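Below you'll find the structures, each written out as structure tokens.
Both of the next two complexes hold subunit A, though its partner changes from subunit B to subunit C.
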Partner chain A sequence: MTQSPEAATGEMHTSFLFWKSGAYAKRALALSVATIVLYCWHRPAGTANGGTLLGYSLGVLGLALIMWLAWFGIRRRNYGGTGLLEGTFSAHVYFGLALVVVATLHTGFHFRWNVHTLAFALMLLVVASGIFGVYGFWRYPEMMTRNRAGMTLSTMARELAALDLTCRQLALAFPDEVVALVMDATAPVAAGGVWRAIGFDRVQDEKRRLNMAVISRVRRELVEGRGVTPAAVLPLVQSLTQRLTLIERLYRDRQLRLLMLQWRAVHVPLTVALLVALLIHIVVVFYDW
Partner chain B sequence: MVNAAPTGTAAAARPDGAASGARDHFRIAIIGSGPGGLSAAVTAARYGVKHILLERADHLSDTIYKYQKGKKVMAHPMRLPLLGELPFALGRREEILANWQRVASEAGVNLRPRSELRKISGQRNGFLIALDDGLELTADEIVLAIGLQGNLRRLTVPGADAQLVQYQLDDPDEYRNKRITVIGAGDAGLENALALCGHNEVTIINRQLDLSRAKPGNISDTERAIRAGRIRAYHDASPTRIDEDGLLIDTPKGAVQLAADVIIARLGAIPPRKLLEDCGIRFPSKDPASIPELSDSYESNVPGLYIIGALAGYTLIKQAINQGYELIRRLAGDPTEPADEKLLRECFAAAFPQRSVAEVLDYVRARVPILAGLSTLQLRETMLDCQIRRFAAGEVVFRRGEYSNSLWNIAEGAASVELDEARPDANVRIGAGEFFGEWGLLSGRRRTATIVASEPAVMVEIPLRAMRRLQTSVEAVQRELDRVAIRRLVHTTLGTGRPIAELEEVVAGSQLQRYKAGECIVREGDEVDALYILRSGSAIVSGMQGGRVNVLNFVSAGSLFGERGFLDDEARRAATISAAIASEVVRIDAASVRAALSHVPQLRGVFNKAVKFQLEQTLRATVAQAGRTEATTRATAIADFLVSKGVGEATNVFIIDETICTRCGNCEAACAATHGGISRVSRELGTSADAILLPLACRHCETPHCMSHCPVDAISRAPSGEVIIDQETCIGCEKCADDCPYDVISMVSAGAGARGKANWLTWLLEGVGLAGRNGRTSDAGDKSEKKAVKCDLCRNTGGTPACVTACPTGAAARVEPEAYMTWLREGRARL
Partner chain C sequence: MARIRFVQAGQNATILRPATWIDEPEIRIGRGGDCHLRLMHANIAFHHAVMGVDGDGLILQAAPAAVLGPAKQPTQAIQLAEAGDAAQIGPYHLTLAEHDEFGGFTVSIEQIELVAADEALLARRYFDAFECLLPNVRLWGFTLSCIIFLLFFVLPAVFAPHEAGRPAADLALSRGAPRLGEVALVRLAGLWNVGTISRAHGAFAGNCAYCHEQPFVPVRASACLSCHQGVGRHADPATAPAADIGKQRCEACHYEHRGIMMATRDRQSDCVACHGNIALVALRTSLKNVLDFATDHPQFRPALVQDAMLHLTKRFEIGDFSAEDHSNVRFTHATHLKLDKLKSSVAAEGCAFCHESTPGGVTFKPVQFDRACSSCHTLQFEPRHPEWRLPHGHPEEVASRVMGYYARAALAGETFPDPTSEPFFKPGAPPPAAAPVGAGMVPYKTAQVMMSSIARSLCGYCHITVPPAAGQPASSWTVAPVYVPDTYMPSSLFSHARHATTSCDTCHAAQSSDGGPISLLPGIATCRTCHAGEAGGTGRVASTCASCHRFHDDTHPLVTPTAFATMASGRPGSEAHAMEPRP
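On to the complex of A and B.
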């Protein structure tokens, strides 16, 4: 069978950031440096702007880069080819960064409240969201893996259900007040939307408070010695604590997953907006010419 | 001709008690109304032969009648055409029985139910048949088609006649919240236990040490149920007494009293030896499971008494139907060719267009020693799966590095074994009567040499499945195969470049040993008493370093180990070697090795080279691991994890590094997009440890479990290694899915995977609806016709599998386990 090239060279499990020892990072850096040198060297007739020979060339280069970068959305789902997506992705990341240099030099640092600057600003936002994504891709997988501690989501869910049941059963040995609290604490919670998951909604804190309330209430039972023995309290407190840890892991998992993947919901529409603004920018420029 | 409508219970040919007066005489008496007997009776009725069909039960075909309700009955071997008028195709038990009933009554079969055989005496043209109810009748010829299921093995311990003991299970759903003990861990026992364990407390009593006797699928399901606590099992145990509320069993740890509401004993079925011997039928051995000796025309040692079906060794329904038909036509004076005749003719046509099937069979028997000891019926069955091919001089049979697992026998001509392209002088000649390809067959690994026909040759290719069948049923085949394979393996592995004759004493000191997964072959610190060559499977070499166990090496079939001890006489074992999966090892006794070393000086050179190579590897790993204790520990843990998950028998495995994987699911989406909308990889169903995820995906095993029982031979291995299921041939019987220990085969309806609707936003964000480029599927599809699907390594795209090319971050890899282990050992896994 045909071995993947990386397998053959022993380069498996290498992050896109270090693809071929950073081949695309080097190329993108070279491109950036070259344009900066050209910019410094170039002495246009008036001030530096997009209309000079260099400005125009940088504009064409920037446009080409943007079109190629946007094409990644299609390439990503173009399955069945022979090239590795990882290489394209590595290039997408580094040339995306280089675009900032190229486009900035293209502007000649002229910014106004107009469609041209809007296009530039959108470009910056797209790149910024991309940088956030890269950070997530770089940091979160490992955090997620540690957080899951070898469990899959379904095993976590199963374990949680089992712990809920244990807690409720154990609670029956306590006064009604405690039972009600435990029932409340173990009641199912809607997973919630994106906002809740990313952390704008503090529902998990609510749950946490409720759990802590049960724990302290149970402890009080013990301290006040109303016929409750340590032997009965310990298992319940332990199960509740385990449950709390598990819930936090689940929330954390969801939060990381969303942060890691859903930035694209910003990145992609902004790209579309950028393409539209860019089209207007080009039409306006040529109309003014 | 006596006609009676065989409508089950009311269909007696004549009233009981007709015994008085003159005995009825029949041209042919058929005993047993299973597929064989019924087919014979239908044929006899059509030919107008005066016959009687005697059935013990009050309905036709008792064995199939007693199948579990609604059971799907398989019609394999699929290739074999069905002869005669008795209809039979894949279907439910009820449909099949109803069809048979109808055909039997239309044909005018003369059935006499509730007729249990007591004794047969006499011979051709003078048989006297005595039945249990006192009736006696006479016949010219007898067809005995009683099968085996009428004679289930029974418990013999005290109390075995208790109410709670039963020998079969009709409907598992009838049992709820019962304590059930299943005695016997064959397929029937395990299937019963599995069917019952959902709603009952089930215990299995197994006489063997483990479950190895059953089919792999049943074994893995049962082991899973045992681990999950759904079934309790006592191995190496047997019942000693049964009473009203349970049984006493004898276990390695002493006697145990088990409470039980129901005891189901599944001890197998054997021929009713006493009855048959009373009728004058001879058996070849004392083994109670042995079957009577028969001629090529199914005739027993009693002239005129024919035996067909399971009692003749043919357990498949279709075979029995064909035999019944064929036999009666012959007896009626209108012989027909056997069902497989046409297939065999087609099979032989390419190599021998002019010769008859019988001539070719004689030719094969005379020139292929490994098939010489087979009976004609066995040979016919085997040859159906084989190919006879002619090769021109210089034509390549197979190439080095290819995966293929058939055994090639040279009937005429000769072949040259080219071990090393650079050294044509080292080629070995193999002549007529010899075989080659045993390495690929036994180890499931790549071919180690290219084989070229050195002169015009005729060769018989026996595929893996047929070989497996022969190895288990014909002891001589296994013995001969092992003898030659060990000899050649010793020669090629020790590779001194000297003639094989010089290593004769090493070969003499060799023996084959089998190890279970995890079993220790060599222990660190032990004395050096043997040299080892791994013939199949794989092994882990580990050693203690700084108080910790460290994986030093992962070796696969064909590796030599334990040679270091022979270079230094004082040495003890420097490392521990244990089997990663069930493995076969050729053990060469130390005395033979030392003797060979003294007069084949080249052997020392071979050992030196192997030791040097290993030292270099270990050194490289040690340097790579220096100062990286944590990384080394993780690498060892990963290796252990992979081995524990059976990666040792894989040839290509999908592994994801979870420290890089962003869980984007593009691997699954790519798989689905390139495979009709259904992904053959599942991350969620995979297992992980130390941030290494082993998704649920085919590993393309060295000896694929899935291939073992495919009734239509739809599963094959491409020369490039991928194990593939041919969708055209697959009939959806799920046997492969049952047999796969890793659960990577799924049953998918044709038409499932049609794409869901999309709007522009989902298109933009997720690619849903983008023609041919997405993985979102709808569950619609024809539920009735399912086919088995699994990873095919994207063989049609001809490159790297889509799951790997589509990974944007570099987390996914599809690799050979050895390459991965080397990579791990060299400390290249990120922490």
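On to the complex of A and C.
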């Protein structure tokens, strides 16, 4: 299952958060406040829990919200990713947040090592991953656009390949030591694993040090060691420098896209798991009624 | 002098120089600008090899740091003796194509390895490497769901005890240390547990089926009543048929899985729905309407004894001066608390001098004569022998004890005053005449003591005594039966232990109580100083009906013992536990 980077980094904005002046935000807030007021007003025998009249009501409401929110994901997939109505997405986000309030009140703040708390914990994780997704949509597209400087991943990849070959070709005119250096430096770049890519800064520093060292050595070898004029070395050094800049862009781009997209790798599987845990929760509650 | 020209073969060769004749002693081959044949490839050294004439052919000699031939068979020199001989240098094949009659050699060059880093391929590689791939979220979701389903549904459903009589039920009843496997079963059952089970039912926590008899069927009253067999209805069905709870589930009011204390419905509105106008649901009841303890609650009506023999009581309102208590005990707190001896004792020990709490302190044990009264009321009946005393609590033995004493005195030859005189004469007065001596003295003295001392000054001082019937001997005086109930407010749930922080006289005006129990019991105004209604009040305790009143009337049990036996025999696991008292 892949996500096209162009689709991911395309025109996704955070304007859905302010759709119709935050109409769904207000509704979700009203729902949350209403449930909190009801919870405070309700005086059940013993402690509040999911088995009181209000508890059952909040449970039904929470279930309805979860089903609707999950259906949103299915619908979104069927629409092909970007065919969403902005308003629906806005509602998804805000009612997802309201779900935390509804579900928490449904529990009556009773948490134990059981399938019921598991369902609640999964719900929290799904919402938390969703919050990170929203943050990603708000934070990263602009950084990606700035980093890409008008290029796409495809053009960056083509340009890097071209620069690799250019550097190697330019290096051929120089002694073997320089060729070896340049060949090493222009070996195909590995993107690395997801976690390493997310911790990009360390990778970036490492690559930069390596490449800058190569460039320095090339210059030192030719200009100081063999008396080659700086002008003759300049095309190679420029190409190596351009290549280094491009590699940094690529790593940064991948890091940003990972941060922006990988939340879904948590959000979707946990949603599926939540639905199963929820089904068990409901069956078990009425099994031992 | 070698005369060599190089020609291109194949599509991938790159020869910078045109195929002109080169006349040099040695033809230099490499990437260097001073090479006669420049092969611009990374695997070609700056000065890779030299080519010269060797007899009728050519020889290719590698530079010290370079090699010729394929990578697997590197060599330093290769001869090209005849047309068709070839040598590999880097990715190129140099083949001796022709040796003409003028001594010129034509060598063809062909690149035999394609350019590895083709730009398009490399670009594709970079694209794939830097593209963000989401993991297969459906697969992850499916896997995670399977794990959850297995751990949290299949395992508890298959292995956790869901039937009465399964091992965990035995575990709940066992007194020894449970085995690890049994604990694991209980833990599995706990994965489905919706909340903390009350302390009272904690022993059954390992087996859901103990209460949840059938899947998807709410807990039935029969499950509760199989243990709680003495639970009563709310009221007499004949008096208040509308208040019958026989067909309701216990869970309508009692909620399990809500903490270590069993939660019980105690909303005042539920009670006031009927008790606000009780006549509508119970025509013949003597209960009065009530809406709220603080604002609309009738004055307390203690149940005073009307017949001590039959334990009959009648309710009188606090403050009703016509109230009569016939417990057959002559006692007032006011009189006793004025006595110097009692004052000092009460000052030392307080009310506990006479009133001993029951374990838990909810109420008090019946006042015992030996503990509370005997230090003052010695029950001596003959001043000459104070060690002889009447047996308290055994009126049938009183006459025989007195008669026995005087019979012993007669045998010892002792004399006593005239039986017709008072046994306690005033100092200075003439002594009474001597009584008969010998056996004749015994009935006289016995009758004298029974009539005067016992009927009036000893037993009669505190008890109602009954004279003998006409024609019966004087020794047949009796003491009327005594009945002091444990509580004068049987419909309330008052706990003295919960009020132990206040002194007794806060509620009980014992110092001035001289009119029986009704003068000692507090009225509703006293309670209202600390207790408010359901809504509560500033500095007062919010109190609902259930704070003071018991809902179930155990005098009208929900299940008769016969019905209980029938019900228990049909219960799951009844072979093991049905008729046994459960822990």
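One rule holds in what follows: the second predicted complex is superposed on the first by the 239 of 289 C-alpha atoms of A that agree within 3 Å, B and C clash if a C-alpha of one lies under 4 Å from a C-alpha of the other, contacts with A are read in each partner's own complex, and residues count from 1 in each chain.
The working rule: a contact is a pair of C-beta atoms (placed from the backbone, for glycine too) under 8 Å apart; a residue touches a chain by one contact, two chains touch by 3 or more.
Treat the numbers as computed from the prediction; the structure is a model and nothing was measured.
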- Message: One more residue to check, A:169. First (subunit B), second (subunit C), both or neither?
- Response: second
- Determine, under the contact definition given at the top, whether A:268 touches first (subunit B), second (subunit C), both, or neither. both
- Counting residues of subunit A touched by each of subunit B and subunit C, the higher count belongs to C
- Can A:188 be said to touch subunit B (first), subunit C (second), both, or neither? second
- Task: May I ask you to decide whether A:257 touches subunit B, subunit C, both, or neither, giving the answer as first, second, both or neither?
- Result: both
- Task: Figure out whether A:230 sits in contact with subunit B (first) or subunit C (second), or with both, or with neither.
- Result: neither
- Message: Just to be sure I read the superposition right, which of the two partners does A:154 touch: subunit B = first, subunit C = second, or both, or neither?
- Response: both
- Message: Residues of subunit A that sit at the subunit B interface in one complex and at the subunit C interface in the other, please.
- Response: 1-3, 5, 153-154, 257, 261, 264-265, 268-269, 272
- Query: Residues of subunit B touching subunit A in their complex?
  - Reply: 652, 655, 657-664, 666, 669-670, 673-674, 684, 688-689, 691, 700, 720-722, 764-765, 767, 770, 773-774, 793-795, 797-802, 804-811, 813-816, 819-820, 822-823, 826, 828-830
- Touching residues (chain side subunit C, partner subunit A) in the complex: 31, 33, 40-42, 45-46, 65, 117, 119-120, 122-127, 129-138, 140-145, 148-149, 152-153, 190-196, 208, 212, 215-219, 253, 255, 257-259, 261-267
- Query: Which subunit A residues qualify as touching subunit C in the complex?
  - Reply: 1-3, 5, 8, 43-47, 49-51, 110, 112-116, 118, 153-154, 156-158, 160-162, 164-165, 168-169, 171-176, 179, 183, 188-191, 250-251, 253-254, 257-258, 261-262, 264-265, 268-273, 275-277, 280, 283-289
- Residue ranges of subunit A in contact with subunit B within the complex: 1-7, 10, 12-16, 19, 73, 76-86, 89, 136-137, 140-142, 144-145, 150, 152-154, 257, 260-261, 264-265, 268-269, 272
